[in-house]
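Okay, so subunit A shows up in both of these, paired with subunit B first and subunit C after.
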Partner chain A sequence: MNLSIISQARRSSFPTLLFSLLPVLLFGTVLSFWEFVVWYTDYPKSILPRPSAIALAIFDNWDLLTSNIIPTASVALGGFLIATLVGLTLSLLMAYSTWTKDALYPNIVGFQIVPKIAWAPLFVLWLGIEFQSRLGFAVFISIFPIIISMTAGLKNTDPTLIRLCDSLTATKLQTLFLVRFPFALPYLISAMKMSITLAMIGVIVGEFITSQEGLGFLILVAFGKLETDLMLASVLFLCAVGLFFYSIIAFASYRLEIWFGNKK
Partner chain B sequence: MCDGLSMLDQATSRSDAYVHADGVQKIFNPGPKQTLAVDGIDCRVKEGEFVSLLGPSGCGKSTLLMMIAGLETPTKGGVFVGGAPMQKPREDIGLMFQDSTLLPWKSSIENVMFPIRILRRDRKEYEEKAKELLKRVGLDQFLDKKPAQLSGGMRQRVAICRALIYDPDVLLMDEPFSALDAITRDEMNQVLMNLWQDFKKTGLFVTHSIREAVFLSDRVLVMSARPGTIIEDLEVPFPRPRDFSLVETPEFNEICGYLRGKIDAQH
Partner chain C sequence: MDFILNQLRNRAELSPRRIILPLLFLSCVIYLWQYAVDQKVVPVIILPPPMDVVHVITQNRDFMIGHAVSTLYECFIAFLCATLLGLSVSSLITISYIARKAVYPNLVLFQLIPVIALAPLFILWFGVGTEARVAYGICLAIFPIVVSSSTGLLNTGDTYLKLCSSLTASRWQTFSQVRLPFALPLIFTGLRIGLTLTIIGVVVGEFVTAQQGIGYLISFAASGLETAIALAAISFLLFVGLILFTGLVVVEFTLLRMFSGQSGQ
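Entry: the complex of A and B
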C-alpha cells in the first residue's frame, strides 16, 4: 500500500518536470534550428537575421531600446486603465438601469463588430500626433471586451441568490454591489487579460502612423534602414512589456481565486 | 345560517392561520403558451407549526413558496402572513433553497451576517448571535472557513444559521436537503428538529422525501401534479422533540405508507 504510493509519486514527478521543461525545450530547439539554417544557407541578414545577431542588436542598442519602452508602455497602461474604469462604470450603470442598457448595449455590440483598427487615422486627425491620439485609440480598442464581458458577468449571477437578496428586502444597489459585482470579478479579470493586449496593439498602431517615439516607432525606423535585427529586437521588447502586464493581471486572477476560496 | 357558519369558519381560520395562501392561482407567461403552475391552492399554517409540502416535481411547490415569500404575485387569490397581505418581500420571512447560495468569498460567519448587512442592523449586536448559531449547528471550528472548504451538509448548516440570524417569524424552505447524500440528510433533519425546538418558528418545508416530511412536520400536505392543488392534509401525531430513531417505529412507517399510497394513486 505504502510502497505503491511511493512508486506512484516517483512516476508522476518525472512527467511534471518534463511538462514544465517542454515549452523551453521546444523554444530552444526552434532557435537552434533557426540559427543553424540561416548560418548554413548564408541567408541575407536583412531578411532573416540569426538569433545571435538579434541578441547582439539588443546589446548594441540597449539604451535606445530601453528608452523607448516608457512611451509605449505608459500609454498602453494608461489606455488600459481608463478603458477598465470607464468600461466597468458603464457596465455597472447598464446593470443597474435597464433603461440605460436598452439604449446603450445594442450600440456597443454593433460597434464591437466594426474593425476598430480602421479608425486609427481618424484618432490622429481628431486628437493630434502627440500621445493623446494613441491613448484615445488604445482606450477605444480595449474597452469593448471589458463592457461585454462584465455585462455578461453581471447578468450571470445565480438567480436563486438574487431571490435570496430580494427576500431580504435588499435594494437594487445592495444586490449589485454586494453580490452581482463580486460574482462578476472573474469575468472582469479575463476581460482585462484581453484588454491589455488590445491596448498594446492600439498604441503600436498609433506609433506606426505618427509617433516620434516608442517601440512601434523604433520598428518603423529600423524597417526604413533595413535593420531587421533591430526590428526583431524591438518586437522582443514589446513581447516583454506585454508579458509583464499580463503577468500582473494573472497574479490578480490568482489572488481572486484565493479570495473565492478556490485555492488555499 | 349557512352564511353565518361560513363567516364564523373564516374568522376562526384567519385568526389561527399565521400563513394563509387563500385560493391562489399562478399562471406564468399569460397567453397562448401560458403555464398554469398552481390553481386554487388553499394552504394554512398555524403560528409555530411546521408543515411539509410533498408533491411530484413541477407541480408548483416552489411557485407556491415564492408567492408566500412575496417574490411572485398570484394571478388569483391572495397570500396573508401574520394577518397582513403579502405584496412584496418582508423581513419577517426567511428563505432556504436546495442550493446553499452562500457567497463564496465570505467566511461562514460573514455569510451568516449577510442579512444583517442587507437589513442595515447593528453588526455588533448580532455577531455573538451568529457565533452562537454556528456553534449550535456544530460549526464552531469553521467560523472562518469559506464555502469551498465546507462539505455540502456544512454549507446548508451555514444557510440555516443565515436564515435564523435576523429572526424572521416564518421560515420557508424549498427542498433544502435534496442535494445531500442520505446520511447527511438524516443528520440535517435532526439538526433542524433540534433548532426548531429552540426557535419555535412557523415553517413551511418543501420536500420529495416522505420520511423527511413525516419526521419534521406537525402536518403534511400532499400536492397533485400540475396544476398543483392540495389533495391530502395529514396531522403527524408524534410528540416533540423527536429523535431520529422514530423513523424505525411501525407507527411512523404506517403514516409514510399511507402518504405513499396517496402519492402513487395519482399516477
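Entry: the complex of A and C
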C-alpha cells in the first residue's frame, strides 16, 4: 500500500489540531509518567528526581544558576566567533590560492580523523586552568566544520558564473567576494550552526576537566553533592543557552542571505 | 570522514603536486616542532619533541594497546547498540504515521540538549564501569542515527511508492525492498556521524570515570605533565577510530553492492 496516500487520507479525516498536539501530548505523558512512577515507588531523589523537583531546584537556585551562565556562554560565544573568523580567513585564502589549498587542505582533513575531544586535557596543560584553555579548546573543536564546509562551498560555485566573471574581466578578488562568497553562504550558515554546538561542547568538556565557574562546573559540583535535581536544572539552562545562540545565528543568517541577495 | 572518502573516490584528481605539497607542509611543521624544542623556544613539558612521542609509543606498546583495546571494545558495543536501537526507532517512525507525528518533534527537541553535559549522570546511574561509558556512547550516537535514517526512509521517491502499491506490494515488502535500499546512503551518513559521537562519548566517559581506556590515559598523563604519553595515547585513539571507520565503510560498500545487485542496476 502506498503510505503517503494513506497518510494523506488520514490527514484529512483526523482533526489537524490533534496531530499538532500529539508531540506535546507524548511529552506531557512521559513527564507525568516519570513524576508518578518516581513518586509512587519513592525512588531516591539523588538518582532520579521528579520533574517537579527539578523545577523547584531551578526556583531555589535561581541566582546560582544565572550567575554561572555568563562564564559558559561568553567563552562559548568567543570561541565560536574566533573559530568563524579564522576558519573563514583560512578557507578564503585556500580558495584564492591553489598552492595554499593543496598544501593545507589534505592535512586539515587528515587531522579531522583524530577525535578532537581527546585533546581537551592537553589544552588545560598548555593554556592553564583559567578561561584561556576553554576558549582555545572551543576554537579548536569548532573551527573544522567552518573550514571544511566553506571550502566545499567556495569550490562548488557554478562554473558558468565564474566564466561569466572572467569574460567580464573581473579580478580574482572581485569574483571571490561578489560571486563565490555569496554562493558559499548557505554552506557557511550550516557550518556555523554546527560550530556553535561544538563550541558549547568544547566549553562544557573544558569545564568538566578544570574550572571554578560555569554551568559545566555547576554540574560537577552538584554531582559531587549528589544533588541530581540541580544537575538536571543546569543541563536545562545549558539547553536554553544553546537554543538562544542557535536562534541568533538562524536570524543573522537569514539577514545575511537577504543582504547578499540570495533570498528576497 | 566523508571528505576523505570523496578524496579517495576522486582519485583521478590526484596529481604529483597534490601529493607532494601536503607532505612537504607536514614535514615542515614537524621540523619546526623539533627545531622549537631543540632551541628551547617551548619547554619539553608543553611540547615534547616528536621523537619522544615515538619513543614512548615503542616502549609502552603493550600497555597502550591494552587501553586502546578497552576503548575499542566499548566503542564497538555502544555503536552496535545505538545502530540497532536507532534503526528500530526510525523504522517505527516510518511505518506508523501516528508514531511519526508524536515522536519526531520530540526527537528534534531532544537534540538540543547538550548530551555531553549528562556524563556525570550516567556514572550515577550505571556506576564507573563499562556500562556507564557504553550507555553514554549510545545516548550520544542515537539521535543523528534516528534523524538521518528516518529522513532517508521517509523521502523515497513517490513514483516508486506508487509503483509498489500498484503492484500490490505489502507494507513490509515496500519497506524492505524499496525504502530501505533507497535510504542506505543517508542511513550510513547518520551512522558515520553516530560513530564519531560514540567515540566522543566513550572518551569523555573515560575522562570522567578515570579507570581504564585511552581517555583515562590522556587525562592521567596530562595531569602528571607527561605530555609525550598524552600525545602517544591520542595517536592510539586515532588507530581506534580508523579501525572502526574502516569496518563501517566495508559494511557500507558490501550492503550497497548487495542491494544494487538485487535491483539489477
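The definition used in the following text is that the second predicted complex is superposed on the first by the 230 of 264 C-alpha atoms of A that agree within 3 Å, B and C clash if a C-alpha of one lies under 4 Å from a C-alpha of the other, contacts with A are read in each partner's own complex, and residues count from 1 in each chain.
In this text, contacts are C-beta pairs under 8 Å (C-beta built on N, C-alpha and C of every residue); 3 or more make two chains touch, one makes a residue touch a chain.
All of these numbers come straight from a predicted model, not from anything done at the bench.
Visitor: Figure out whether A:Phe260 sits in contact with subunit B (first) or subunit C (second), or with both, or with neither.
Guide: first
Visitor: In the overlay, answer first, second, both or neither for which of subunit B and subunit C A:Val114 touches.
Guide: After superposition on chain A, A:Val114 lies in contact with subunit C alone.
Visitor: Counting residues of subunit A in contact, which comes out ahead: subunit B or subunit C?
Guide: Tallying touched residues of subunit A, the top partner is C.
Visitor: So, A:Pro182: does it touch subunit B (first), subunit C (second), both, or neither?
Guide: Only subunit B is touched by A:Pro182; subunit C is not.
Visitor: Using the touch definition from the top, say if A:Ala170 reaches subunit B (first), subunit C (second), both or neither.
Guide: Touch partner of A:Ala170: subunit B, not subunit C.
Visitor: In their complex, what parts of subunit A are in touch with subunit B?
Guide: The touching residues are 158, 160-161, 163-170, 174, 178-179, 182, 259-262, 264.
Visitor: In their complex, what parts of subunit B are in touch with subunit A?
Guide: 66, 69-71, 88-91, 93-95, 97, 99, 101, 103-105, 114-115, 117-119, 146-149, 166
Visitor: Subunit A touches which residues of subunit C in the complex?
Guide: 1, 3-4, 7, 17-18, 21-22, 24-26, 29, 45-46, 94-95, 97-98, 101-106, 109, 112-114, 116-121, 123-125, 158, 161-162, 164-165, 170-171, 174, 196, 199-200, 203-204, 207-208, 214-215, 218-219, 221-223, 225, 227, 230-231, 233-234, 237-238, 241-242, 245
Visitor: Which of the residues in subunit A come into contact with subunit C in the complex?
Guide: Spelled out, the residues of subunit A in touch with subunit C are 1-7, 10, 19, 22-23, 25-27, 46-47, 99, 102-107, 109-110, 112-115, 117-122, 124-126, 148, 152, 197, 200-201, 204-205, 208-209, 215-216, 219-220, 223, 226, 228, 231-232, 234-235, 238-239, 242-243, 246.
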